[in-house]
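The data blocks that follow each hold one structure.
You will see chain A twice below: alongside chain B first, and alongside chain C after that.
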Partner chain A sequence: MSWLVEMSEVSKVFTGGVRTVALDRVTLHIATGEFTAVMGASGSGKSTLLNLIAGLDRATSGRIVVDGIDLTRANESQLARYRRSRVGFVFQFFNLLSNLTVMENVMVPAELAGTPSAQARTRAGELLEELEMTGLQRSYPANISGGQRQRVAIARALINRPALVLADEPTGALDSRSGDQVMGLLDELNQRGQTILLVTHDVKLAAGHGRRVVTLRDGRVQDDARLQPQRAAEPGELLRLGAEEA
Partner chain B sequence: MDIAYAYGPCIGHMYGGGMSLRFGVLGLLAEEPLHGYEVKQRFEEMLGGTWEVNIGSVYQALQRLERDGLVEATGDRGDRGRQAYRATDAGVSGLQEWLEDPDSQPQLLREEFYVKFLLLGRHPNGQLGRLVNRQRHVYLQRMRDLADQEKIARERGRPQLALLFKGGQLHTEAELKFLDAVVEGMGRD
Partner chain C sequence: MRPVLTQIRAAVLRRRTQTATVVLVSLLATTVSTMALTLLVRSTQPFDDAFARVNGPHLMFHLDAARVTPEQLQATSTLPGVTAAGSPHEIALVPLQRGEEKAVFEIVGRATPGGAVDRITLRDGRWPERPGEIVLSYRGDLPALNHVTVGTHVRAVSRTGLIPFTVVGTALDVGDSMYENSIGVARAWVQPGQVAPLTDGDQVRLGYEMAYRFQRAATTDELAADRHVVEAALPPNSQLWRVTDWLSMRAGSVWLVTLLSSVILAFSVFALAAVAVVVASVVAGAVLSSYREIGIIKALGFTPREIVAIFIGQMVLPALAGAVVGIPAGALASAPILKDVASETGLPNQGFIDPVADVTIFLGTVVLVVMAALIPAIRAARTDSVRAISMGSAPAASRRSRLAGVLSWLGAPRPLSLGAGDAFARPARAILTLIALAIGIATLVFAFAFQKTLGELAGNRASYGYAQDVDVYRYPAFGDADLSALLAAQPETSSVVATRFLHVDVPGAADPAPLVGMRGDAPGLGYSARTGRWFANPGEAVVAALTARDAHLRLGDRITVTLEGKSLTLQVVGVLDDFSLNGRGFRVGWETLSAVQPAVSPNDYLVRLRAGSDAKAFAKRITASRPESLNVTATDVNQINFYTDLINGMVGGLTIVLVLVASAGVFNATLLSTRERSHDIATLKAVGMTARQIALMVGGTALVLAVTASVVGVPLGMLLTGAIFSAMFEFVGVIVDPSGTFGPGTLLLVFGAAVAVALAGSALPARWAATASVAEVLRSE
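Moving on to the complex of A and B:
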């Protein structure tokens, strides 16, 4: 098994004001193609963990290697290149640029990574078609629904063919129906081989979609559970298995 | 072991015991006359396979309903000697009354895990912590199974059954929160 993410003994200590240990010697390996959910209450360290893997923040100690890149040794420009090309972000509040159209929003990371505009446009068009958003290419974020905005954000996350998609509470601002659609989309992406790291406080989301559920508590890995999905095809069938230990 | 019972609180608890079966049978017979085996099949089908009932329990429920005047035998016995039953007028009004009343059974905190938790808490030696972790895995897998079931039920055009599975997930979420509270409590000891 090849590891896409290797975190070894990673700690993060915030020293401004009160000294806070946000992550305490966390070791976590994520394989290529896995759908991992990181779960924990607020203050458990899950956002810190996400920021470190995203290359948005630096560990105080320990080592983080993602897709062969040692984030703990990379300089700022290497980190910036890593963020642009190797990871795709899906945020709770979409983070779309309001003065750009749907198409332009999706193209932004590709253009930042130096992809020629025509090529970026073609790829963005393909992604929007896959996500059934073709008709809205010229719309502005303010004029589409929350669920549609999140689909645009997913297209944007995928445009550079990232090794890893990081989803931070991706359904947090959506109604349950749109939330289900967005999660269904992430499931499909994972089935096609995309490695996904979902961060959520919602255990229904974590266990309902992750193949693996990592629970953080007080900055440490409290639990790491592997789940078997789709154990049966008929309603009720699974319940005969439900009492078995995972 | 009854499947609903084996599955734990999320499904089994919601139907409790005999009253659900008794009135479930009566409700189906109020729709049309059925013989015992048909009642069993329809009941299980309605519950989406979450509750596998023993045919003996169905016949027992039928006998008691007949004794109480809520159902009666109807028509001739078929080729295989199977007797069909239908709801009487008293049965239909008894059913209506039951359907109108909220479920006011006391909550039974009788899960096996609760008893283990209490016993292990009497002699703290670290075993409870290990059990909590293993229990968490069971609940997480259950959550996954129920989410898959909800999806399947929805795809099959059974929105009410899908909601039942959603209910199961919410119960399981509560059990997981309870485990967190147990861990919290252990930290304070």
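Moving on to the complex of A and C:
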């Protein structure tokens, strides 16, 4: 099996003030095309894990290789190029740039990567059309709904055709209907072969969409469950996962 | 009160960067202002003290004994407005010699040092009681004649030979007369009746000095009115040389300060204005960044007045810290100039600490900072605490930037267009930063123009009478032909221009104007016209800039002047800058002068030596050939270089101060902007923006500010340059048109410098933004 993400014995220690071990010798491999949900309570280390895979933070020890790039050895410029071309990030609070239009927000990563403006615009237009946002291209983030904002964020994450999409509590700031729509989109992307790493504390969300659920506790992998494809989790499984999370 | 002080202390310590910015700009501005105020107040103090002590004359007339009688002069002492007048004293401009050094003194025949006006203060010795005794006044620029003591022997150079005098006293004199080439001439006193034998009716003429005090003499207009009253009572054309007024004497006693005062004052006002805008910008930023905190402390029970006090206090404290260092630094910086002024005038040196000036600057800084911080502080006090606590941060400035849109449409890189859009996201802050930056740019424009102009003027040695390598002044006992032959016979001599300085009456002008006859190749020596050409034919004249302006003379115009009662018609063929004539007068060829004065001969010889010659050795050898008849001086440009270096250094220093303040303004603006946008920047980094692109984005903000500020700052600088140049250079006799110095090259240089200043100011915030941890910023959200 070819691994898209390889984490070996990765630890992350925060030393500012009180010494905190956020991740403790975590080893995790994610295959291309997988939809992996990382679960855990607050402080379990799931956001730290996501930041390390996204190249936003550096591990204290261990090795992380994503799409053949050793993040632990990359310098800042290489990490920036990695973030722009290999991963797409979907945040809980969307993090759209408020002074840019929907279209411009989607185009930003492509432009940063040096894609000619016209080409970036075409690609962004296609994505927005696919996400049913065509009529809102000239709108500003402040003038659209939360669900629409998250769809824009997904379009932005996809514009450079990343190998991996990272989603950090993507439904956390949405009502249930909008949340379902966003997760439906992620499912659809995964079915087309897009590798997705979802971080959530929501058991239902993890089990309902993830094909694999990794549970973290106190910075360690407590459980790594692979669910059957094309089936919803059994009630017992959910209960078990919920109990483990608690 | 204690909780307020605790909040102030905490804010000052926590916002270290902003505290440091205010300390820096306050330090720089108070240094410049203290220096300016100390110079302006202290430099004239020695003159004012001495002038009051001796009941100094508001006007001193120098009149031709051939045209006016002592009785006529005595009658003017009861004219309307005259409160006191001296007696008419005989005068003549006579060279005195001691050893090899000679200098022209105004010898005055006077019975006593006292009187109602122009009392003479003896430094030591006594007043002359018999023929052959003399009292000399201090003169700063003559080593030998300055250091005379009682009992020293000097000799007066006259047509009949050397007449010995014994120095019986030395005196302190507040005013110099303006002699031939407008160099101040010190006075010396002998018993009445001793002056006439020193005169020859030609080069050394007998006159009278008449001193007056008036009821109203505080301004130049009042002095001009007083002068008209006296002139109306005297025969026409009776002045031997120009009238001396006390305001000019006072300005002359501190000429360097007068020359620089307009620059220093303008720069001080600019520096203080820049401090005000930087402080206002810093406080506004502090209010935005403490939005939630303000809500909390209001909820805890702080009153609006206490909140205002907290924000003003956190600005006043660092500003005072800067002032505590800046004020002594400014006073110290003024010390060398005050010392130079004192040594030139011979008046006692005053200390450089001026308590009134220092306290004024200290209190002024407090008032300025309080005023600048007041509006943002009041805004903080009016914050809705519920909203502030619930929102957590100030409402973001999320307006669409048209500029960003245009740049994006033009295909500018996204980081650049994003940065450009941020420049005006907070309009009030942008305007404050633009003001600080525009001030810096305006001073840069001035500094470039000033440095270029001063360089050109300093390079034109003829304009300040230093074109020659050696200056040979001839006294009547040695003939023109003999001296010309002597000079021509020297192997080092390359060329000689012989000159004679006279005065002519110009229609409509109050004072006689100098007229210099020149024999020889003056252009070869370095003389040239700024506009038009040098004279080539009889009847042609090159006119000095101020005379051309005041007499409305243009190239090709004709003017008839009066020389010794004879009319002389001159055609203007050129205009020149002439420091040595204080910007006034005419230069003509020898044929032109001898046509009306056939008997006149030159007395000042400007010698150009061959390359590699030793000017000092040449001067020594020529002096040795006729020591009693010649005063030979090798040109020493060091003094001129000293002053040009000093002035350039001062302007350069002041410019650096204002550029630093401007840079601090940009630093503050970009720092606040990057902190407010830290979340956006983190997001951009998360989607792949590199550190270099972040730096480009922050630089884009600075670039837009620099370009916009240039649009205001460059014309402002040109305006400032014009105003200061006219105040500065006309004082030394040159009309400078600064528009010629603003070529595309200079403007491009200024623009480049402005961009560099802005980018330098934004460098640290850009670096901090580029290296900030994305995970930390996003985690803190």
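As a working rule, the second predicted complex is superposed on the first by the 229 of 246 C-alpha atoms of A that agree within 3 Å, B and C clash if a C-alpha of one lies under 4 Å from a C-alpha of the other, contacts with A are read in each partner's own complex, and residues count from 1 in each chain.
The rule is short, and it goes like this: a residue touches a chain if its C-beta (ideal position, glycine included) is under 8 Å from a C-beta of that chain, and two chains touch if they have at least 3 such contacts.
All values reported here derive from a predicted model rather than from experimental measurement.
Colleague: Output check: A:Gly208 vs chain B and chain C. Expected answer is one of first, second, both, neither. What do you get?
Modeller: In the superposed model, A:Gly208 contacts chain B only, not chain C.
Colleague: Mind working out whether A:Asn51 is in touch with chain B, chain C, both or neither, as first, second, both or neither?
Modeller: second
Colleague: Give one of first, second, both or neither to describe whether A:Val18 is in contact with chain B, with chain C, with both, or with none.
Modeller: A:Val18: touches no partner chain.
Colleague: According to the stated criteria, A:Leu227 is in contact with first (chain B), second (chain C), both, or neither; which is it?
Modeller: First partner only, chain B.
Colleague: For A:Arg81 in the superposed arrangement: first (chain B), second (chain C), both or neither?
Modeller: It touches chain C, and chain B stays clear.
Colleague: Just to be sure I follow: which residues of chain A are touched by chain B in one complex and then by chain C in the other one?
Modeller: In chain A, no position sits in both the chain B and chain C interfaces.
Colleague: Provide the residue numbers of chain B that touch chain A in the complex, in ascending order.
Modeller: Touch list, chain B to chain A: 3, 6-8, 11, 44, 47-50, 133-134, 136-138, 140-149, 152-153, 156, 158, 161, 169-170, 173, 176, 180, 183.
Colleague: Given the complex with chain C, which residues does chain A contribute to the contact?
Modeller: Checking each residue of chain A against chain C gives 47-48, 51, 54, 56-57, 76-77, 80-81, 83-85, 88-89, 91, 93, 95-101, 104, 107-109, 111-113, 117, 140, 142, 156-157, 160.
Colleague: Report the residues of chain A in contact with chain B in the complex, numbered from low to high.
Modeller: Residues in contact with chain B: 41, 203-204, 206-209, 213, 215, 217, 222-223, 225, 227-246.
Colleague: Note which residues of chain C are touching chain A in the complex, please.
Modeller: Residues 396, 398-401, 404, 408, 411, 413-415, 418, 421, 425, 679-680, 683-693, 773-775, 778-779, 781.
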